[in-house]
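Going by the order they are written in, the chains are A, B, C, D, E and F; count residues from 1 in each one.
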Amino acid sequence: METIEKANILIEALPYIENFRGKIFVVKYGGNAMTDERLKHMVMEDLVFLKLVGINPVVVHGGGPEINDLLGKLGKKPKFVNGFRMTDKETMEVVEMVLTGKVNKEIVSYINRCGGKAIGLSGKDGGLVTADKDLSNGDLGLVGYVKSVNTEVIQLFIKEDYIPVISPVAIGEDGETYNINADTVAGEIAGSLGAEKLIMLTDVEGIYKDYGNKDSLISSLDIKTALDYVNEGVIDGGMIPKVLCCINAIKKGVKKTHITDGRIPHSMLLEIFTDSGIGTVIVR
Amino acid sequence: METIEKANILIEALPYIENFRGKIFVVKYGGNAMTDERLKHMVMEDLVFLKLVGINPVVVHGGGPEINDLLGKLGKKPKFVNGFRMTDKETMEVVEMVLTGKVNKEIVSYINRCGGKAIGLSGKDGGLVTADKDLSNGDLGLVGYVKSVNTEVIQLFIKEDYIPVISPVAIGEDGETYNINADTVAGEIAGSLGAEKLIMLTDVEGIYKDYGNKDSLISSLDIKTALDYVNEGVIDGGMIPKVLCCINAIKKGVKKTHITDGRIPHSMLLEIFTDSGIGTVIVR
Amino acid sequence: METIEKANILIEALPYIENFRGKIFVVKYGGNAMTDERLKHMVMEDLVFLKLVGINPVVVHGGGPEINDLLGKLGKKPKFVNGFRMTDKETMEVVEMVLTGKVNKEIVSYINRCGGKAIGLSGKDGGLVTADKDLSNGDLGLVGYVKSVNTEVIQLFIKEDYIPVISPVAIGEDGETYNINADTVAGEIAGSLGAEKLIMLTDVEGIYKDYGNKDSLISSLDIKTALDYVNEGVIDGGMIPKVLCCINAIKKGVKKTHITDGRIPHSMLLEIFTDSGIGTVIVR
Amino acid sequence: METIEKANILIEALPYIENFRGKIFVVKYGGNAMTDERLKHMVMEDLVFLKLVGINPVVVHGGGPEINDLLGKLGKKPKFVNGFRMTDKETMEVVEMVLTGKVNKEIVSYINRCGGKAIGLSGKDGGLVTADKDLSNGDLGLVGYVKSVNTEVIQLFIKEDYIPVISPVAIGEDGETYNINADTVAGEIAGSLGAEKLIMLTDVEGIYKDYGNKDSLISSLDIKTALDYVNEGVIDGGMIPKVLCCINAIKKGVKKTHITDGRIPHSMLLEIFTDSGIGTVIVR
Amino acid sequence: METIEKANILIEALPYIENFRGKIFVVKYGGNAMTDERLKHMVMEDLVFLKLVGINPVVVHGGGPEINDLLGKLGKKPKFVNGFRMTDKETMEVVEMVLTGKVNKEIVSYINRCGGKAIGLSGKDGGLVTADKDLSNGDLGLVGYVKSVNTEVIQLFIKEDYIPVISPVAIGEDGETYNINADTVAGEIAGSLGAEKLIMLTDVEGIYKDYGNKDSLISSLDIKTALDYVNEGVIDGGMIPKVLCCINAIKKGVKKTHITDGRIPHSMLLEIFTDSGIGTVIVR
Amino acid sequence: METIEKANILIEALPYIENFRGKIFVVKYGGNAMTDERLKHMVMEDLVFLKLVGINPVVVHGGGPEINDLLGKLGKKPKFVNGFRMTDKETMEVVEMVLTGKVNKEIVSYINRCGGKAIGLSGKDGGLVTADKDLSNGDLGLVGYVKSVNTEVIQLFIKEDYIPVISPVAIGEDGETYNINADTVAGEIAGSLGAEKLIMLTDVEGIYKDYGNKDSLISSLDIKTALDYVNEGVIDGGMIPKVLCCINAIKKGVKKTHITDGRIPHSMLLEIFTDSGIGTVIVR
């Protein structure tokens, strides 16, 4: 009797739900999980499921491809320096419009359609995130780092059972609008909220001890080892900033951070409702 | 990838959870589901699961076999008239001790061990249920019917996330202790609480149009038809009082009542998290 | 002694503040007051002032010129039919990005800089506004009318002392994004909130009995007369939909509606803190 | 005029009531006060009176005689080692049924009949008391000591104006049911609640300096002296564990503990509403 | 054993306390009970006792003799027309100062000294009582009748466990201060509060069927009979307005009104904690 | 356009209101501002304005002239020793009646007429202020100093949006009524409340460096300098106790104290809503 098996599976989820009830999960949403319609749909369902069983997801999203798309239509050529987008004022306006006025609202209405109650925010709303010019990679224009996070609005939404969806745009004290890396914003918000988990949906399986060797996927590592790997070059390229965000979040009080393969269906639930998880966990 | 399938099943439960969140389910717990260790364990898990996903179960239990057991040890022969237990004062004392002091506490500590927070009550606690002598089947001694239900205590427990477990013993205005049929108590409490569902775990598949013919199991019937069936003899024997309890509960405001086969694993969840259910539903 | 006079003026405002404390004012923000930097600044100050003295402003904004601007850059020619914008899917995307991702956030961060606490919303957030296709002027594409307003989010913000800033974009049951006239949205939200006032900042002095004759400005008229004037052609052109919005809002419970000249500094305060006001008031 | 005198007596109680309002009194209820119908009635009235004037009684009861009674009927001979009951599994079942299913509910319904609102609990309800095997007197079977007290349920009841009535049965981590001495449970619960008073209703006048000499009744002693008396043999026999419970409770924060003669009518009120009291007080 | 008897008396009060918990008693305080030091002390104790056992007393006081005293010292001769004080502006000032600035504060600090928490109010505080000129006995100057009662302040005090003490002075819409008969104010406030009881402490035993015949004291009468007695002259003189106040209060929702002999010690308690009471009760 | 200027002035007040919202201002009300009808009216308006914009005024008043007036009518000659009133029992009675029964209620009803909600208190109400005999200037009879302040009542009123108006009369432990200097009471209450400001309305412009030289008005000084000035005689006479009250209040946690010219219209508002203020500010 197949339905009984289904019931068994629901029951198996019990201890995980018990464990995480009332906790906050900050989810960095980007990559394939955002562009593939089927994966997208599953992410939305996963978010609504979490909320329904008493877990509080907070979403921070990126939106690179759509930004390039509009820039292209406007005849602006995206320029990158060491992988960072040169962001002049005109580009910033496009970035903000796409992230806050398009991607954010798409996610919001998708969640609502799946039975959740989502509200979209940018870092400007309710003074949520303030920024300052980030010069760590040279002068890239309106690229910022997080200067302060005011979680009052998020806490309000969580209490009233809304799912906050946040675009990584913030205001500086100089009145300028800044674009901040979405991973960074997710990490800082997770830290400020004292989140239980920071889950980064990426387009890789996780961190490999020996890149190229599929069997060397690291299931779990602590922040000391993670830093060593960064220094030794085991972790490199685009994975470095993600790992540093995780370490930063943990130092600020997040319990566990997950670098997860968003290309796997329901990867978020798998990370939560199985003991092993599917990607790489970084812990204290 | 089997775990993904599991996630899919969790997600499938979403609309049901959404639908029932914050609602009250009164569960009449008895029969095989109470004596078979494996089924018992599943019932406890199901109750804790319901609570965790925001549904409020209230348990009313019977305890016939254990009462007979102690009566036997005490050298008292159970006496029944038309299926009703003759309950003299000494028998009543045994009934109360077994139900309230043994069966009830077993259920309570079982739920607690499964991660729930249960509290046991008899109808005497907080004036929950008062009784009067039931003479409808002749003078059976201290057999009572429900005179009043005061749900204040139950509501308090629900609000504070406890699962109330209730034994069907009540006090009369005459100061006597009365034994009341557990189905009746479950139905009256469900009615007083305006419960969403009354689920009766029984040892039959449900109601048959043509008893003996397995294919004639009735999936759903309204109270008018149910009454007709009782009058026509389609429903007879021990099923009659159960059906009348359901009808009574519906008239008092319960949305749906389920006569369910408690011998099927997780029957309670199946009744809830599948569209068809497995037993017979009686609705307005 | 000039400062004493200032104190006198503060005191003069007392009875108005007393009268309006705790009430909701829905402000339709658009036109010159939105493009002229000096006027814009004053509107922001006025909003913060209202909130500080205990009045709850809710802002609904338009954004026509900036939409045309981006459409232009994208090489799309704005097309209008009887003054209504033909809105194909691509145009709608631009409309939404500009309104929600640019204009809305500018207002939000401006209010925050003036000492208020603003949060930007589109009709998609929290299911605030749903739309359906508006065919009353022929098929204009994704032009919608307001199908439902769910003020839960707005009420939450008001209670927590935020100023909600709303862009007139909504989602349809068909999953499509619709553009709705900002006046309409302001009127519907005012009605749903049972607002005390609906204040429309426009680029005219108000309604004239005899257009062209400056002395014929109508200070106050009731909805019956307003309708008569529409039928008689006294009110015509672009003023008609504004007047109909006001009438609609009043019918839904708004106490007073104001058609006010946003080109006058602090026009919003003048409308409130003087007995006569400066524009045209429409009342029941 | 006699009624005026009555009023005077009510007024005399004023300063005591003032002093104890909102405080918790844990009452160990046992002995004659539990078997003599007249005394029993008075205890119930006293409890309801306390609650009505704003004092919060919490009752812990014993039940030895009734346990022996049922054991006898079942042909089981009570076995004691150094005054402690050998408690095999079958005996434990009887102990629990009698305490929780008979004695407890009798008290509960008696209080309710006197106008109070009582709820019966065993240590199993809401995880109130957990136990571990007590080997301090050799292996007596399922005799336990208090491992933890979770006062959440009691606090909830106090807040909602219920009188909690607790039977000294608890669950162990091993899943076994344990019987614990009622004095011990009363002392531990008083300590965990930070009670104002622990009142032990006994069948003696109090502690005597010189047993046999009625004039040597000790009115008050501190815990140091009490311990000295135990060591010196002044306090001996069944009084020792009672005194140790009192000392333990005081160390955990109880203000005053009373060893009182429950055979005197309204002994509980006398202990409270007279300066001298009638038994022995142990204080820090 | 005398102390046991005392306990018995406390217990006897139980059903009365139960009955009246959370209810409001408005007490008109005047006459001998206000001037005799011993009686005064007992009234204060009674008020504090009521509050402690959960009953909410509200005091309205008179102060005739002390007013005359100060008027005398100021060389003003009290003038009365049909028993009503001619109250010119200067007299009114004296009345207010004595009632609000002397008598009221004496009562307040007396209650506080007895362990209660009292706050003094005149009808002017928080807009408690407004008045209009009472011309029913001719123009007596600033003698008023109650125009409106705003119980917001009283309710606030009751909720925070204060005993409100009210002097019968009120403000008119004309800005004048009015003196109102204390019986009237007590009756109106009792009515507005939906009080359980209005207790009038007077200098007579109650109402007599046959004045002069001590045996004809009426224990209880309904409002219809009371009105008949007024019309037939059975009730006359100064008793008439008191009886009319009682009738008025009952019509506005007060359950029972008492005309009680304040010269008897603890008369207030006797009225409450005995079945018969000592004076005359008027009921619907 | 004059009305626009008015709006500008309202807007100018914004940062001050923002700054002070939710804060407490204790106002010592006396002197000309209390006797001149026009100034009085303005003080009332100012108080209501403060409350309306979210600032919480607490008023402490004096009343010297009216006391002398009644004493005169009673043929009692006011006696002063070093500027302190000799207060025998009879005088004290007059002081209390005038302050609490006349002046206080006049202020209360005036505020109410201006649209505020005021409640009058003396130090006796709710145990607000207790006193002890002040012998620092010799035995002046019933002249007291503040022994304790219990702000519970004031906090309650503030929370419920009432303006408390307090007369400087208190009760001693000896049961005597004491008159306390109103400046002292204002300072102590401000300190106990942790007020933002203590504003003393006086009949001088402020403190002069060089009395007689109008240009030497000191705008601001810290408590060290203030003490030096007292010691050096720069501050002398009746200004000394006022300055000491300010210093005391600051030491107890008040942020700023103002000695202000109450003869200037709206002086209270000017002190608050202008940067410079008009009198002398004493700060830490």
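Simple rule for what comes next: a contact is a pair of C-beta atoms (placed from the backbone, for glycine too) under 8 Å apart; a residue touches a chain by one contact, two chains touch by 3 or more.
Treat the numbers as computed from the prediction; the structure is a model and nothing was measured.
Engineer: What are the chains that chain B and chain F both touch?
Structural biologist: Neighbours common to chain B and chain F are absent.
Engineer: Would you mind naming the chains that touch chain E and likewise touch chain F?
Structural biologist: Of all the chains present, none is in contact with both chain E and chain F.
Engineer: What's the chain with its C-alpha centre farthest out from chain E?
Structural biologist: Chain A.
Engineer: If I average the CA coordinates per chain, which chain comes out farthest from chain F?
Structural biologist: B
Engineer: Have a look at where chain B meets chain D and say same if over half of the interface residue numbers show up on both copies, different if under half do.
Structural biologist: Same, since most residue numbers here occur in both copies.
Engineer: Hey, how far is the Cα centre of chain D from the one of chain E, in Å?
Structural biologist: Measuring from centre to centre gives 46 Å for this pair.
Engineer: Please work out the Cα centroid separation of chain A and chain C, and write it as a whole number of Å.
Structural biologist: 35
Engineer: With chain centres taken as the means of their Cα atoms, state the distance from chain B to chain E in Å.
Structural biologist: Chain centres of chain B and chain E, defined by C-alpha means, are spaced 57 Å apart.
Engineer: Going by the contact rule already set, what residues in chain A reach two or more other chains?
Structural biologist: Counting only residues that touch two or more other chains, chain A contributes none.
Engineer: Based on which chains are in contact, what kind of graph results: line, ring, star, complete or other?
Structural biologist: Topology of touching chains reads as a ring, each chain with two neighbours.
Engineer: Name the ring's chains in order, please, starting from chain E and stepping to chain F first.
Structural biologist: Once chain E is placed first and chain F next, the ring gives E, F, C, A, B, D.
Engineer: Could you list, by residue number, the parts of chain D that touch chain E in their complex?
Structural biologist: So the residues of chain D in touch with chain E come to 1, 3-4, 6-15, 17-18, 21, 42, 45-46, 48-49, 52-54, 114-115, 264-266, 269-270, 273-274, 278.
Engineer: Within the complex, which stretch of chain C touches chain A?
Structural biologist: These residues of chain C touch chain A: 70, 73-74, 93, 96-102, 104-105, 108-109, 112-113, 117-122, 124-127, 153, 156, 160, 162, 169, 171, 175, 177.
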